[in-house]
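Both complexes below contain chain A, partnered by chain B and then by chain C.
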Partner chain A sequence: MNGARSRLELLRRIQALEFTAIDLNLFLDTHPRERRALEDYNRVVRELAAAKREYEEAYGPLVNFGHAPSPDGWRWIDEPWPWEVEN
Partner chain B sequence: MWLYEKKLEYPVRVTRPNPRLAKNIITQYGGPDGELAASLRYLTQRYTMPIAQAKAVLTDIGTEELAHMEIVAALVYNLIKDAPLSEIKAAGLDGYYADHDRALYFVNAEGAPWTAAYIQSKGDPVTDLHEDMAAEEKARSTYEYLINLSDDPDATDVLRFLREREVVHFQRFGETLQLVQEYLDRRRYY
Partner chain C sequence: MNEQRPAEMRLARAFVPFQTYRTTFSPEEGLRKGTIFPELYFPYRERER
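What follows is the complex of A and B.
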């Protein structure tokens, strides 16, 4: 896979980072003045964006409707879809 | 609007068919305390929330519940997709098979279809947030019963994740209720 991390390994990292973002997001909704949570959130946003960029360059868009480019052909339709579980 | 992200919130692993377990887990897809009911309840209650924070919490938790609906769907789909008919019959899923083959449909564990009567949208934010806290507790109980019934460690792992999220959502709704109550009290005094 030309030195790129395997798709599943990168996907697990994105899932972990985005889960952290989801949980911090909900916490900040009711604690908007918690500075440390806000700093953590902004750090996770940067790490998540970098991980998604790496994934999308290798495997195609993660998000539809204009949120990720598809320079080498229309890769949004590529399988697997998320419910097509790979063990 | 909503965007679709082509990944699950939490990984689902299934190594062998288990239609008996699928028959029970499907209640968290289309049952009274399931993820469809949860997401639609919060996403329709948000319009009449009086403070910005409550609108945000209902939007965000309602959206996370859609991701949970997809996790439950992935679990059920993979537990039944390669199940032989003999196992489907033995699991008591033959009635479901007659209507839906191995497709996903919104039913509870006994096959009753989803109904909007499972949810309420009352216009009173204190009432709605109490319903939401109760809904999270009911979903937590259901996941605990499903964990008791599960004979598949991979499925149990996913059910534990979903159970844990109900606990977090309950906490956030409790904080939101307090913020709404403080807002209503302030309005009463000035």
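What follows is the complex of A and C.
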């Protein structure tokens, strides 16, 4: 791989970032003008998008429709599924 | 079901102080603990993990 982080490492990071974005979202729903929370949210979202892009370029799509192109063949059916990645 | 409860006893009265934004756990720690807000993390039993 072109130095991309390992598949499982990237998946774990994506999970953690997505969880954080969701929790910040819930907080911002009741605190929309809390500037620091919004800054943190925007930073997390940017890193999350970059991690997902890095994952998909190296290991194929994370979800099966409407999220990312699959230029080199339909990689969605390649084993393992993202949630099956162990090592 | 309500009949057994004495009339004057209120069903519930919640007091929820307004949360302020202080610090947050790291993403990994937040995912493990189920919240990114330290003030919301108080498990019944501190797990070893």
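Keep in mind that, in the parts below, the second predicted complex is superposed on the first by the 80 of 87 C-alpha atoms of A that agree within 3 Å, B and C clash if a C-alpha of one lies under 4 Å from a C-alpha of the other, contacts with A are read in each partner's own complex, and residues count from 1 in each chain.
Quick note on the criterion: a residue touches a chain if its C-beta (ideal position, glycine included) is under 8 Å from a C-beta of that chain, and two chains touch if they have at least 3 such contacts.
These numbers come from a predicted model, not from an experiment.
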| item | value |
| --- | --- |
| Partner chain in contact with A:20 - chain B first, chain C second, else both or neither | second |
| Which of chain B and chain C A:51 touches, first, second, both or neither | neither |
| Partner contacting more residues of chain A (chain B vs chain C) | B |
| Touched partner set for A:12, first chain B, second chain C, both or neither | both |
| Partner chain in contact with A:37 - chain B first, chain C second, else both or neither | second |
| Overlapping contact positions on chain A, where the chain C interface meets the chain B interface | 12, 15, 19, 23, 27, 30-31 |
| Chain C contact footprint on chain A (complex, rising order) | 12-13, 15-17, 19-20, 23-24, 27, 30-31, 34, 36-37, 40, 44 |
| Contact set on chain A toward chain B in their complex | 11-12, 14-15, 18-19, 22-23, 25-27, 29-32, 61-65, 67, 76, 81-83, 85, 87 |
| Chain C to chain A touching residues, read off their complex | 19, 21, 24, 26-28, 30-31, 35-37 |
| Residue ranges of chain B in contact with chain A within the complex | 3-15, 53, 56-57, 60-61, 64, 70, 73-74, 77-78, 168-169, 172, 175-176, 179 |
